[in-house]
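Okay, here's the structure, questions in a sec.
Note that the chains take the letters A, B, C and D in the order they are written out, and that residue 1 is the start of every chain.
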Amino acid sequence: MNIIKLIIDDKPVVVEQGTTILEAAKSIGIKIPSLCYMKMDDLNFENKPGGCRVCVIEVEGRRNLAPACKTECTEGMVVKTHTVRVINARRTVVELILSDHPAECLTCAKSGECELQELAQNLGIREIHYTGEQSHYKGDQSPAIIREMDKCIMCRRCETICNEVQTVGVLSAVNRGFESVVAPAFEMDLDHSVCTYCGQCVAVCPTGALTERDYTWKVIEALVDPQKTVVVQTAPAVRAALGEAFGMEPGTLVTGKMVSALKKLGFDYVFDTDFAADLTIMEEGTEFLDRLTRYLDGDKSVKLPILTSCCPAWVKFFEHQFPEMIDIPSTAKSPQQMFGAIAKSYFAKKLNKKREDLVVVSVMPCLAKKYECTREEFAINGDADVNVSITTRELARLIRNANIDFASLDDEDFDQPLGESTGAGVIFGTTGGVIEAAVRTAYELHTGKHLEKVEFEELRGMEGLRKATVDFDGMKLNIGIAHGLGNARKLLEDVRAGKSEFHAIEIMACPGGCIGGGGQPYHHGNVDILKKRQKAIYREDAGKAIRKSHENPFIQELYSEFLGRPLSDLSHELLHTHYFNRKKLSEIE
Amino acid sequence: MAKVKIPVNKVQELRVICKKFNNDPGELINVLHEAQNLLGYLPAEVQEIVAEELNVSVAHVYGVVTFYSFFSMLPKGKHPISICMGTACYVRGAEKVLEEFKRRLDIKVGETTPDGKFSLSCLRCVGACGLAPVITIGERVYGRVSPEDVKKILDEY
Amino acid sequence: MAKFKYHVLVCGGTGCRASQSETIAANIKRAVAENNLANEVQVIKTGCFGFCEKGPVVKMVPDNTFYVQVTPGDADELVLEHLVKGRKVKRLLYVDPETHTAVSDSKHMDFYKKQLRIALRNCGFIDPENIEEYIARDGYSALGTVLEQYSPEKAIEVVKASGLRGRGGGGFPTGLKWELTRKSKAEQKFVVCNADEGDPGAFMDRSILEGDPHSVLEAMAICGYCIGADKGLIYIRAEYPLAIKRLKIAIEQARKYGFLGNDIFGSGFNFDVTIRYGAGAFVCGEETALIHSMEGKRGEPTVKPPFPAQCGYQGKPTNVNNVETFANIPVIFLKGADWFSNIGTPKSPGTKVFALAGKVNNVGLIEVPMGTTLREVIFDIGGGIKSGKKFKAVQTGGPSGGCLTEKHLDLPIDYETLVANGSMMGSGGMIVMDEDDCMVSVAKFYLDFTVEESCGKCSPCRIGNKRLHELLDKITLGQGEEADLSRLRNLATVIKDTALCGLGQTSPNPVLSTLDNFPEEYEAHVKEGKCPAGQCRALMQYVIDPNLCVGCTLCSRVCPVDAISGSKKTPHFINSMVCIKCGACMEKCKFGAISVQ
Amino acid sequence: MSDKVRNLQELRNLRDELKGRLLLREKSKAPEKLVQIKVSMATCGIASGARETMSYLIEELDQQGVDAIVTQTGCMGYCYAEPTIEVTLPGEKPVVFGHVDTVKAAEIIEKYIKKGELVDGIIPDTYNTIDNK
């Protein structure tokens, strides 16, 4: 690569060929404002249509202003980023965007996190000189995502991530000119489309156009209801990100403070989804070993590789996109749903209460969980195993509503018995974590030997598609790992073509796994935040006394007192499920 | 969007069209042209079949259909009337002719008369500026149209 | 001519007719009869000679003597001297401005024939559906010569030497564009002919494709050979069914004769052409939007660079040229680059086809050498302004161009001059406007067009043009304030400066050029709520003249909104607040009592 | 394929032959009576009735036993005068007529084609072509 020398704001800069002016300026501390631009190399996501025109700057010798995000540096280029002409152009462009944007900042779900709001503040916009007609679109409220497309600024991030990274293809730019907007086909509601609710569009949307459904009020109503015993479960990835909502460094572990806050909010029992993660390992691990041994004994009807099934967005993805393969993934429910089933049977019996008296609330880094708990197979005569699923962001809002000074809380412990978990449970929160937890237990169950080193570094990392071979005392197991539905599709196509050399595959819909879920505090495209959260998860695992799921005493107690053994009839009834052939085409009412 | 039932033979013809363009997503616009000629318009179900055959998302097809003014998701009239609103025709009074058509047919631009006989739309430029103002009904081109002629033209159908 | 020995042609074009050319013809007929030459001399009224400055024009056939600025009084002398005595009437002969000598007949006076047809050379001469007529006029011999005698590099040199520039509107040197595409390395490249022609009021590409499709095919093959491409695509708008039909026939015939397909002229060079249809989107005239449309996507442009020459259709190097640009290529190889570069001006050689339309008498497709002045085009070729009205402005370059006025009439037409004066060449649409056209509503008309055709991808164009249109709407409804004029200018300038593609960067031109050339008209709308040209209906005041109105109550009965009051036999009054300016009352009033202020 | 032109020389021969054949056509048959008429059949021409004019010309000339060839061509540029036709009497310069509906066509046949009298409304050719430049 040859080197390019140029001048930006009278400062000399040296960059590799192909670098854009935006990146060159950033490398010497000049942050040129931009809006539609977002780049996350590790997740091979790059959105720079060059459409918002906020990042225009002056290049000597050029007739009009150049978009910094798209224009590559050339030798001897002279760039000026804040001449009067540039500032006037930038302010006018932002005024134009604001002129077709509802001025509802005070009540908007994205207020305080909105990139357009921040831009308007930085530029000191006090008046919109060019007002006129505003575009209006049909509202759309799905179980997980709310679309208020009047707030759409056509940055195309959601369209790019849904089509290129997730390959689900729900969204596309529609119409032309002033009425253009990004929408599903026929501007139908999301819950009629093939949307998997992975929430990545919400994670990248710069404004309040795409936000999560808010169930905080429903939780408050349950808490104040004297007849109800309110039980809460917190997902592994929440404890690695909740702190960011209160100004803490990304990657700060706030497990103890989270539990303390939940107790102060009035939850009767504060439990941990990690417990159900260990339970999932028991069920899924056994199912995998059962298939593996039958396969090795020559039973051709056995379907390998086994695919993990704990991510609801991934489940809805293969139900829509690969309906003919719905018998390949593990039949085990996700930890959220296993927890609900156990809470409303085993635990309800312990408290000798009816299941209807219990309200199970889950705190998840994810939007698809909101949809998952509403699936009819996860309820018994109308009473859902998990009543409400809220996101990390919603929990932060609840804590603020209760005037709790989160940062100064002392640590507290989860309640027993469903609060106890192992290191294997907590690493569910990151890509590669579920399969590592499964391997830790399956190794010992299969070989009967003690597993000395529990860390399997070869399963870890951030690359979209990863392969690893694990040695089960002589028997080589090929493991595949994919995060991001686009990568999942590649593995699926191999499996469909019978070319897949894997025995087991772990798939998570969100890039980075659950730490990058659609319900987490906004990362605004900064991938380092995801990496820091991932390290925090592995730190929590390392700090745990017990590191393998089958050594969790309360899991052993659950089996001895209630379930009997993994894959027992009761286990099947409570902890396993089946999938549906969802037509690829939407059902238009 | 009411689900439109497309007769089975038409669905078959539609798949044949897609195969004729060997299901190449790059040929989407040519496929949509032939589909619209086949059915007169492009309802949601047609777009879904095209999306399936060309292996692209339905949203992508809908995005293309709503981008180009030639494609319509509503059935056009038996005799689609298009008024040329190019500069030459505008300068020679095309607006008055349009007003006259609107008044007589009592529909707005983009709508179809209740009996489905006429639909009214504006065209950017037919390219016969010598005959400004120009209107087309189906394939036929009428030149030098004045508001007074509108009645005579409509009576021809 | 069997019977008549002599024909006297009297120009009957509307320009000359306005200076009584009909009476001249009548006088000559009378004089001919008096000298009993009636059965030898036929007097004929003709269409416009295209020399209206010197009208009325009388031409004697067969000796082609050309008399100018003839008056009805000269009729007798003409008949006596010329027809009877056979002597030319010196004082009426045309004096050549350079040589100051009287020109005896029109043969040496090709000065008055202002047009030169290169791109349109075969249009109207050959049957477009018969390849043999094209071959008979040297068709495909340029391709044959290039394939047999030129290396691709040398052929590109010829195109560069000719100085040909893009006729689509931008004026980018064609030779350079071919060279850039040649330099990009790839095993697959494409030649694309841009026949989207979205400009309203422009129809030259259609006429070329309908009249002489083979010249485009031949040129595309030559371009393919030069840049190393074996595939050509013609992107044509769906609104041109006849051009599509003729193109298909031409492609079939060209394949049959081996001018398309494999091993053309035995040179081992393969090239074939397929047709891709537009679907009604003006923005697809822009190169990158066109390419996306051909890839079955929404016609949204992308930021350049990369230029299509490096990465175009299907990511491969693609050379996009306009129909008219291609139509010039075969002639350049037949007649040579020097012959071509000597036509027009040094920096803009060759000719340009214009679609002359609007308030001009001879609406038509004309092709003039670059450097011809607007006056010559509008008055000499166009036959002046319709129904004797006063010329006000001419709009070139369609929605991306600007308005030029009286003071620009003598400017030479070429790329640089038009851009320097706030307009641009564009594809060649030329709409003439007269005193009755309000420049603010013309600007609004173009903005209405751009708002409708904007692809919506970038905010300055998607939202900015909408706001420009709304501002102009306000002004034409008489609700504009002083500050709106400065807002208009700043917004237009910013859109021009920041929009992503050519459409957005030029869409404010109609506003800026009307603001610069007709500031007083904007002020009249804003300050006095008046529309000088009387076109903005909202600003028209319908008024009843009390001393003409006899109180017959006819107007009050026909008024749809009861804006007219007054009892029988007394002068009536129109309440301008209620009046919707429909003009029904004015039509009904038999006494001419109602007028518009 | 028989019609495939294999090289430049073959093309030149074909061109000369075609040019010749066009002239031959004139020479072989009764040259003095042969009339060539070109009807401008562009979109605007057709829209203004060029198709009717063309078929009228063909039938009428046939009935009146005039040996003529009527062919279609592209746009000659006189939009204001469509439909336009160009009539070339043998040995004469081509003359363009404007606004040629069936009535005008009849007048052109009667006066110009049969008797060589010019007809009102002829359009002087106002442009050079590259042949004579």
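Keep this in mind: contacts are C-beta pairs under 8 Å (C-beta built on N, C-alpha and C of every residue); 3 or more make two chains touch, one makes a residue touch a chain.
Just so it is clear, the structure is predicted and the values come from calculations on it, not from any experiment.
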### Query
Which two chains have the most contacts between them?
C-D
### Task
Mind checking the centre-to-centre distance between chain C and chain D? Centres are C-alpha means, answer in whole Å.
26
### Query
Where the centres are mean C-alpha positions, what is the separation of chain A from chain B, in Å?
44
### Task
Could you please state the distance in Å, as a whole number, between where the Cα atoms of chain A are centred and where those of chain C are centred?
57
### For chain C, residues that touch 2 or more chains besides their own
206, 240, 281, 298, 357, 363-364, 453, 455
### Message
Among all residues of chain D, which ones touch two or more of the remaining chains?
### Response
43, 46, 78-80
## Note on the structure
Multi-chain touching residues of chain B, meaning two or more other chains, are 56, 60, 63, 67-69, 126-130
#### Entry: All touching chain pairs, where touch follows the definition stated at the start
A-B, A-C, B-C, B-D, C-D
### Message
Under the stated contact criterion, what part of chain B meets chain A in this complex?
### Response
1, 3, 44, 47-48, 51-52, 56-63, 66-69
### Message
Quick check on the complex: what are the chain D residues that touch chain C?
### Response
1, 3-8, 11-12, 14-15, 18-19, 22, 38, 40, 42-43, 46, 71-81, 86, 98, 115-130, 133
### Sites on chain C touched by chain B in the complex
197-203, 206, 238-241, 276-282, 293-299, 314, 355, 357-359, 363-364, 395, 398, 429, 431, 433, 437, 445-446, 449, 453, 455
### Task
Give every residue of chain A touching chain C within the complex, in rising order.
49-53, 56, 64-65, 67, 70-72, 85, 88-89, 92-93, 96-97, 99-100, 129-133, 153-154, 173, 175-180
#### Entry: For the chain B and chain D complex, residues of the former touching the latter
126-131, 134, 141-143
